[in-house]
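In what follows, chain A forms one complex with chain B and a second complex with chain C.
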Partner chain A sequence: MRYLAAKTAGEAAAALAAEPGLTRILAGGTDVLVQLKSGLVEPALIVDIKQIPGIAEIVAEDGGYRIGAAVPNAVLGEHAGVVAMWPGVVEGANLIGSTQVQGRCTMVGNLCNGSPAGDAVPGLIAANAVARIVGPNGQRDLPVADIPTGPGKTSLAKGEVITSVFLPARPARASDAYLRFIPRTEMDIAVASAAVSLELNADDTVKAARVVLGAVAPTVIVAEEAGRICVGSKLDEATLARMAAACEAVAKPIDDKRGTVAFRTKTAGTLAKRAALTAYTRAGGTK
Partner chain B sequence: MKSIPVSTTINGDPYEFLCAPDETLLDVLRNRLGLTGAKEGCGTGDCGACSVTLNGRLVCSCLVLGAEAGGAEITTIEGMADGDELHPLQRHFIDGAALQCGVCTPGILVAAKALLDKNPDPTDEELRYWLAGNLCRCTGYDKIIRAVQAAAAEMRGA
Partner chain C sequence: MAFDEYQKREFKQVGKRVRRPDGVDKVTGRAMYGADATAPGMLWARILRSPHAHARIRSIDTSAAMALKGVRAVLTGADLPDQEDVFIRDVQNNCMAKDKVLYDGHAVAAVAAVDIATAKAALKLIKVDYEILPHVTDVDKAMAPGAPVVLDGRSLESVPAGMSANVTEHAEFGHGDLGAGFAKADMVLERSYKTPTAHQGYIEPHAALASVTSDGKAELWCCTQGQFYVRTLCAAIMGMEASQLRVTASEIGGGFGGKTTVFIEPVALALARKAGRPVKLVMNRDEVFRATGPTVHSSMDVKIGMTKDGRITAAEAKLRYSGGAFPSGTHSFGAQAAFAAYDLAAVRSYSWNVLTNRPKEAAYRAPGAPQAIYAVEATIDELCQHFGLDPLDVRLKNAARKGTKSSYGPTFPDIGLVATLEAAKAHPHYSAPLEPGQGRGISCGFWFNFGGNSCVSLNINTDGTVGVTEGNPDIGGSRASISLMAAEELGIDYDRVRTIVADTSSLGYNDVTDGSRVTFAVGLATIKAARDAVRVMCERAAKIWGIDADAVEWKDGAAVPAGPNAGKFPPMTLAEIAAVSFETGGPIAGHHEVNVDGAGVSFGVHIVDIEVDKETGATKVLRYTVFQDAGKAVHPSYVEGQMQGGAVQGIGWALNEEYIYGEDGRLQNPTFLDYRVPVASDLPMIDTVILEIPNPGHPYGVRGVGETGIVPPLAAITNAVCRSAGVRMHELPMSPPRVLKALSA
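Moving on to the complex of A and B:
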């Protein structure tokens, strides 16, 4: 195995593209080092991206925030501006692992590791976050929603490196929330999860809603119909029940020792309801 | 595999070492530098026995490559006592019998100090969440929490 601490994103992309064997990008390493330890993954090349200038910074841009790909989630959680604008994104990111893991892990690593249960991913997709990607042929922007393609798989081409994710600006009366179910209170993998992002009208009705579910399909999924059902309502009981049913309808979970299909399906709907109510209150809505 | 030369700072002292590209910081500390305070419990980030700080952040040294330590500031349990003078956390762990086998203890001390540096007066709940990544098979945690709180109180001058 070779280790390269790239000095630019272009250098990282070129090295990854030129390596015929297995490669890994090293952000926080909290997935990569576990894979190395297991011996199941033996990369020929590891490219550390943390020395690339600016990649560990959070920058205000166009009323939103650009989060560098190497910003540890603990640092994200200490950024008052991002926490105020996108509390749901931050709470998902901050649920990952322990204090020790938080000091290292990144949202982009969570996304590119490709787990359908990744806790940072539903919030980013609900936020319509956009990834900036540098590859051997230059730079492109792609919605985060288009990156996961299956367990452990992404749509990134060989040599492509995400350098940042952009969280867009939002109106004053808007917020988001993320919830996961785990059998204990810390240090576990989501059995089901939900992120909800809402914008409200002046009369407290929902103007726009995006509902995203984790751990109930091969990738994180957008529950489009569930979002549409919220629009125009003040999230009354009947609307929330229909919204939860729409979540259950799109959930296609697996059965394993951590949760049955029936349990995961029902839990996804329930978490979506609760996350919607939290986002509604955070956005300043009163019923 | 080609060895990588690394210069770093540990507990305020400069260190230079050669390591393999896939060698963890934990293995470097223990096997190359003789700093055996950090323990390997799991090697996969779950137990916290290998906790150190890297540029001021609490991390699992089993999840950091030795090669990543270049130019960094690291602190380990070996840097906690001041010569023969134990840190208040260390003293209260002994006085309060907050350890049995001791394998988790260096990691818990480093983690607890990182919290108290940031928040000198944590609630028990804050402390328990902060230490959720530090597993102890012996004590049942209660004495650990009490020892950290006793040390925190002493450090606040209370």
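Moving on to the complex of A and C:
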């Protein structure tokens, strides 16, 4: 196993592209190191990206924020600007692991690990976040929603490295929220999760809504219909019930040791309702 | 039984919350745990484990592993002797399979190499040819006719004819006329329950370092609850004399019963003998879950008759326990404990042990009792709800007390159940109002406690300090308690006493640290060893004063003349006598060796408030109070720690902990991620109320307190969850998917 601490994103991409064997990128390492230790993967090359200039920084851009791929989630959680604009994204990222894990783990690592239960991913997708990718053939931007393709799989090509994610600007009366269900209160993996991002009209009715579900399908999924149902309402009980039903309709979970199909389906809807109410209140809505 | 030991006294040391002797080492990382031992030239070992739940081993080819550079020894079951003694054979086969693998994770081979990477690489080179056999992991399925047979020919005579060959043992307890009793009831409720396998979840994985010399002497350092028992088992497996094998117990990072037998120790010794070098073997967490000794899993039927005013007229329990792949006697503890809390005219409990393709169970705090008492206490609660009766009043109405003929035979001496129930009833927790949707549950709990073989040496140092040597690994604070009792008896300060845990060559046999026995039994031996030393010190003072030894007595840490006729001498303190001991006959020591009887039973009552989230089935524990009879709390903080620890483990078992097996018979959750013990943020502070109803069998009235605490939570949580959810559930754990399913049924 070789280890490379890349000095530029280009160097990282080139090294990853040139390696015929299995590769891993080392951001916080909170997935990679665990997988190495348990013998789950035996990569030929590990490329550490943390020394790439700027990759651990958060910068304001076009009214939104560009978050470097190696920004630890603990640092993200202390950034007043991001917290104020995208509280739901931050709350998802900050639910990961424990204080110790927070000091290392990254949203991009969470995304690229490819788990449908990753806590940072639904919030990013609800926010319409866009990833910046450097590959052997240059740079491109891709919506975060298009990155996960299945458990442990992403649409990134060989040699591609995400350098940052961009959280766009948003109007004043807008906010988001994320909730996950775990059987304990911490140190667990989401059995179902939901992120909701809302924009309100002046009369407190919902202008736009994006509802995203985690851990109920092979990838994080956008519940388009659930979002549409919220629009025009003040999230009254009848609307929320229809919204939850729409979430249940698109949930395609599996039965496993962490939860049953019935439980995950029902809980995804319940969490979406609750997250929507939190986002609504955060956006300044009153009923 | 010895029910005449207790003498009322004013305590000066016992009962103080003194500084713990192991604290500094533990918080600074100095404490030497199992994996901290090293030896010159040491090799590292790894174990190859079966991926199959049940398979015959056709052959094992270790040649490629042996040929790997850096490999010094490879071991398989064929290297170990054919044991005549059935019990030793089972223990050995559990550590290393011989002809069949009996569960996922069962050891089939082991390698010792110059480093871990080489040992791991060598495991991959071992070729095992398995003939996969049908498997069974569920107790009810294993009992059914036609079930795959785990081990044939192991049924004892007690097992009724015609049962599955997997049924190895049967027991029955009780008295009275059940039919007449049920006829007197206003309602007879019959319910069936299931409990999952739980693991003790100790933080420290098993670890051993073994060294065997060419002249047949061996040293073993390991993490265990009983170094003497480890010696017994390992000496038998290795064909060694006890005197040639010295076992030293490390500091221990939790055991809860799970470290009362051997898993890797004989393997480390056998590899060390083969390699001619010291061998270190440390389990990882996955191995701990798959191949140590979790609890039995159970399937139970309970039938209880009650009058409308809450008197239990008859009670019956049928307990089917599976202790995994080898015979286990834990079922009979369940049958004995099931109705121990109650004074019943007609009671019967029946139990069976059933073999399944799971790891062989080991003890876990009050082994066998939590399951049976869960079923009984949940059924009683349902009856209380049916009749609209206060659940504590019903327990009080039926409570066993002094003179009650217990459901398992003996007549109780002084016991603390009624006092414990009354304390619970009077406590503000019980009368605190509940919000709508919240539920309150209670349960009684019981454990027998144990005494057993204990040796203590107590040395009076010339500087007036005292060293106590005992032989039981300290898993719950026993060194502090033993020092306190020695100090009390000698009349000196706690800080002047240091207690250490000796290896097997330094002291006579001590039973394992189990059965909540150490503070009770080793404490009793310590008190008597101190009395022995006091006798010697009185003799020395008598010699110095030139009077009869009979004319000297011990008071407040000093020898004094016994009354005016003995002569007028100023008191001689322990330190003064010790300082001149070399001139008065030599070093002063006391010792005591005994097989202690008279362990007083211990009862507890738990109250818990719970709120179930009706939309997700999530359970929140709002408030929890433990009431338990400690006889005498020698070190109250440690006693509270035991009560809290037991409660937390029971809460985990009730709500989330379980072994999950797939269709393939493999354990699906051998990690702390998916085997969910409660984390700190899951629980409120567990409040404790210690009761002190002296145990007549101990000089200071001490009862064991280590186990009872895990017994009540299973039913207390069930009763609270079911009252909050408004629906009864009869299977543990009550994980959110199960609760939500019950709510939507």
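We adopt the following convention: the second predicted complex is superposed on the first by the 287 of 287 C-alpha atoms of A that agree within 3 Å, B and C clash if a C-alpha of one lies under 4 Å from a C-alpha of the other, contacts with A are read in each partner's own complex, and residues count from 1 in each chain.
FYI, a residue touches a chain if its C-beta (ideal position, glycine included) is under 8 Å from a C-beta of that chain, and two chains touch if they have at least 3 such contacts.
Because the structure is a prediction, the values reported are computed rather than measured.
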>> Applying the document's definition of touch, where does A:Ala44 land relative to chain B and chain C: first, second, both, or neither?
In response: neither
> What is the contact status of A:Ala60 with respect to chain B (first) and chain C (second): first, second, both, or neither?
Replying inline: neither
>> Tell me the contact category for A:Ala18 with respect to chain B and chain C: first, second, both or neither.
In response: neither
>> Looking at A:Thr270 after the superposition, I want to know if it touches chain B, chain C, both of them or none. Which is it: first, second, both, neither?
In response: second
>> Contact-wise, after the overlay, does A:Lys257 reach chain B, chain C, both or neither (first, second, both, neither)?
In response: second
>> Contact-wise, after the overlay, does A:Met187 reach chain B, chain C, both or neither (first, second, both, neither)?
In response: both
> Which chain makes contact with more of the residues of chain A, chain B or else chain C?
Replying inline: B
>> On chain A, which stretch or stretches are contacted by chain B in one complex as well as by chain C in the other?
In response: 38, 185-187
>> Give the list of chain A residues in touch with chain B in this complex.
In response: 1-3, 5, 26, 28-30, 33-34, 36-38, 46, 48, 50, 72, 74, 97-101, 103-104, 185-187
> What residues on chain A touch chain C, complex-wise?
Replying inline: 38-39, 181, 183-189, 191, 257-260, 262-263, 266-267, 270
>> Using the touch definition from the top, list the residues of chain B that touch chain A in their complex.
In response: 1-2, 4, 21-22, 24, 43-46, 48, 51, 54, 57-60, 62-65, 67-68, 70, 111, 114-115, 129-134
> For chain C, which residues are in contact with chain A within the complex?
Replying inline: 120, 286, 615-618, 655-656, 660, 668-669, 673-674, 676, 678-679, 681-682, 735-737, 740-741, 744
